[in-house]
Amino acid sequence: MTPAAGETPVWTRKHLLTLRELSREEILYILDTAESFKEVSTRSIKKVPALRGRVVVNMFFEESTRTRVSFELAAQRLSADVIDFTEKMSSTQKGESLVDTARNIEAMGVDFMILRHPSAGAALDLTRAVDCCVINAGDGQHAHPTQGLLDLFTIRETKGRIEGLNVAIVGDIAHSRVARSDLQGLLKLGAKVTLVGPPTLVPAAFRQLGASVVHNLDAILPEMDVVNMLRIQKERITSSVFPSVREYVQLFGMDRARLKRCKPDVLIMHPGPVNRGIELAADVADGPSSSILRQVTNGLAVRMAVLFLCQQAASGAAA
Amino acid sequence: MTPAAGETPVWTRKHLLTLRELSREEILYILDTAESFKEVSTRSIKKVPALRGRVVVNMFFEESTRTRVSFELAAQRLSADVIDFTEKMSSTQKGESLVDTARNIEAMGVDFMILRHPSAGAALDLTRAVDCCVINAGDGQHAHPTQGLLDLFTIRETKGRIEGLNVAIVGDIAHSRVARSDLQGLLKLGAKVTLVGPPTLVPAAFRQLGASVVHNLDAILPEMDVVNMLRIQKERITSSVFPSVREYVQLFGMDRARLKRCKPDVLIMHPGPVNRGIELAADVADGPSSSILRQVTNGLAVRMAVLFLCQQAASGAAA
Amino acid sequence: MTPAAGETPVWTRKHLLTLRELSREEILYILDTAESFKEVSTRSIKKVPALRGRVVVNMFFEESTRTRVSFELAAQRLSADVIDFTEKMSSTQKGESLVDTARNIEAMGVDFMILRHPSAGAALDLTRAVDCCVINAGDGQHAHPTQGLLDLFTIRETKGRIEGLNVAIVGDIAHSRVARSDLQGLLKLGAKVTLVGPPTLVPAAFRQLGASVVHNLDAILPEMDVVNMLRIQKERITSSVFPSVREYVQLFGMDRARLKRCKPDVLIMHPGPVNRGIELAADVADGPSSSILRQVTNGLAVRMAVLFLCQQAASGAAA
């Protein structure tokens, strides 16, 4: 994976903030690297020494089981040491700002900060404050690039390609960082993206980004190769346009009846955790069209690749 | 510890759910394996590479310091990586079920789930949902098999045998998973077990399992080789039969006076943490008849043995 | 760092409780050892095998991000395994005492307990209950020896010496364990120490320890080589002598104007986390006179040295 002497390396970034800033080549390079790391997780000794002696700090100011554990396992699998820094344990309680906290942690000699934060732009702010590598693990409604990458990885693994595919993203697009990161990655790799949901949750302004915006799921289902069902915040639904969650499910939930109207090889995705019976019926979530658990597995490989490549770039820059 | 080619291995299970399902031979095999692991903990470098590159996830939906830390240390001592997954950190807050959570964690490529859960049968449910090894670290009032095993180990280490010993288990038998696991193990290995406590906490129905049921501690004390004092939930005592904790202590607490009426070499056990002055007087808890801290030490050896044997069985099954 | 055969080793303690009990030679020996460990943290593989297979338990009954993480990283960097034991996770909730908890954890075969506790003397109590090494990470208002050591290290690193320096410690001296540990260390190494703050927070009784006590910061600033600004608890200020935090800042806050009245090479220290705009103006905290982040970096080196030396002494005592 190390480029030969004289070659320009494809990957030169030590941070991962959004997919918007990455080129098509950079995204594909991460996916290719992740493929080779996916194999590591199938071994009985699931370890490679790539990041031995490096320190990865999980800074999760919003809790998320799977993302936090996925990054922790990815770092362990690369032989890094992992420190968990969750808000409750932090001196941000004493009024210390994120930047101050981060500078202090960096002064202890850490190599990576994995940041989950409720404010859009928090990861970018962090890169201006510290010299270590920063990985955005979700900042407000802005971006969740490793989720975008694992979704791309899963689509490519299943369909053999991404270019030319019809991909629907269904649900609360307006408030979703997953939707934004998926959209950016899919458009860069040549997919046609349709954003689907009620008008209040899928503003027409998204058309300017290059996606179609549609409010009738059933109308577009038969043409879709991939349908990515976003997690619904129930409070948000009932407070906006719908009198009830039940009505949302009737119009935008994926159940067996709707699945039958899809292409036979349609891929049903979900970033998890699923509200069973709401955005996905249980039998669809667990059925052969669903990639939900495979997305989780792929998330680990993608995060190993991101940690590995950013570390390489950081070491190269220092050398 | 690996059986020679052609031999049938004694241990073929990849899960540990209860002692009820184990044969006498299987229980003794765990105890023998634990003996060899106990020695590891006395070294200055307390590590063996048996589980290097394996991932153990602690899933504790009820908090318990010593059990959680004991499993974590046991896994570390076998060179495994340990991920801590406690309820507060989990997306079960978002309404995700245990099975859904577990499937997601398994998809990240973990080898062991150590489950502590308030519902009886939770560990069994888990084995139906995931392919990795499942160790029951306490499920409701149902079972706590590693506590049972460490109690057996401690008795055998002290007395040289278990068969034929008179063992009393004293306290709130009705609600205790420790009592159930101890009882199952002791009966399999040929001890005579007497369950002692007030009638509301020691239902006569336990006689059907093969134990004696007695409500007068003083009457049976002089014949006992081992007396295992269970931890008392004070709320439960006062709300059931006794006007006060003080009255419970008078009838069922182990103090110096009662200890004098025991055999000189009686072994006083307690699963911890002790309510000093209630089920055990402080001087008895810290005295030479007590095995409380040795039980903790042995718990680590027993948990190393369980992890090691289940991993071997899982690998063998895969091979 | 190991003394030659026949030599008396300088360091023979397996615990670190306060700086008061250490000799000048012992303190200097820790600082020298820390210097060699500081270099390890600058490597890409930040690991030495000195404590491989050893177990360090962080027992933090008061939360503190940087101290806890600093000890965890120090232990990892020495290749030890680290177990985190925070109050919320502990069975002290069930009414178990610190000593009982510690004995149980020790029975699992741990080598170090790092204790942060709200009661003065808690670490000393612990040494009477367990045989493993005990490091005081802050006990009430009594002592915080590794903070004292990292402050000494930072002063010596900056000024080349400690003897003869004029050092001011400014703020709530009465309630500060940092002030006590700094004072003890500085006096042992020959500095002249001036304690500064409002009379209610800097009792005259401190003169008996060998320090000057002064209530007017501006009067002594021009002679100081080092000014250590303690963190202020805002509640404490307003409830004692001052009508407002603002008035405290006017008299005792370090801002650009006050900095100009200091020696040009004055060293401004702070144990963190800083209340920006209160004890330190933001531009002073981030300016070239400030050693705040360097103190954090040095804390790691000092803690590695303490763990290493205590472990050596414990092994030597056992041998």
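Each chain gets a letter, A, B and C, in the order it is written, and its residues are counted from 1.
Note that a residue touches a chain if its C-beta (ideal position, glycine included) is under 8 Å from a C-beta of that chain, and two chains touch if they have at least 3 such contacts.
None of these values were measured; they are calculated from a predicted model.
S.K.: Check the residue numbers that chain A and chain B use where they touch, and answer same if over half are used by both copies, otherwise different.
M.R.: Different; most numbers are used by only one of chain A and chain B.
S.K.: When the CA atoms of chain B are placed over those of chain C, what is the turn angle between 0 and 180 degrees, to the nearest 5?
M.R.: C-alpha superposition angle, chain B on chain C: 120 degrees.
S.K.: Taking each chain's centre as its mean C-alpha position, how far apart are chain A and chain B in Å?
M.R.: One centre to the other, that is 41 Å.
S.K.: Check each residue of chain B and list the ones that touch at least two other chains.
M.R.: Touching at least two other chains: none.
S.K.: Considering the complex alone, what residue numbers of chain C touch chain A?
M.R.: The touching residues are 41-47, 63-66, 68-70, 72-73, 76, 86, 272-276, 293-294, 296-297, 299-300.
S.K.: Quick check on the complex: what are the chain B residues that touch chain A?
M.R.: Residues of chain B touching chain A: 52-55, 57, 81, 83, 85, 88-91, 93-96, 100-101, 103-105, 107-110, 315.
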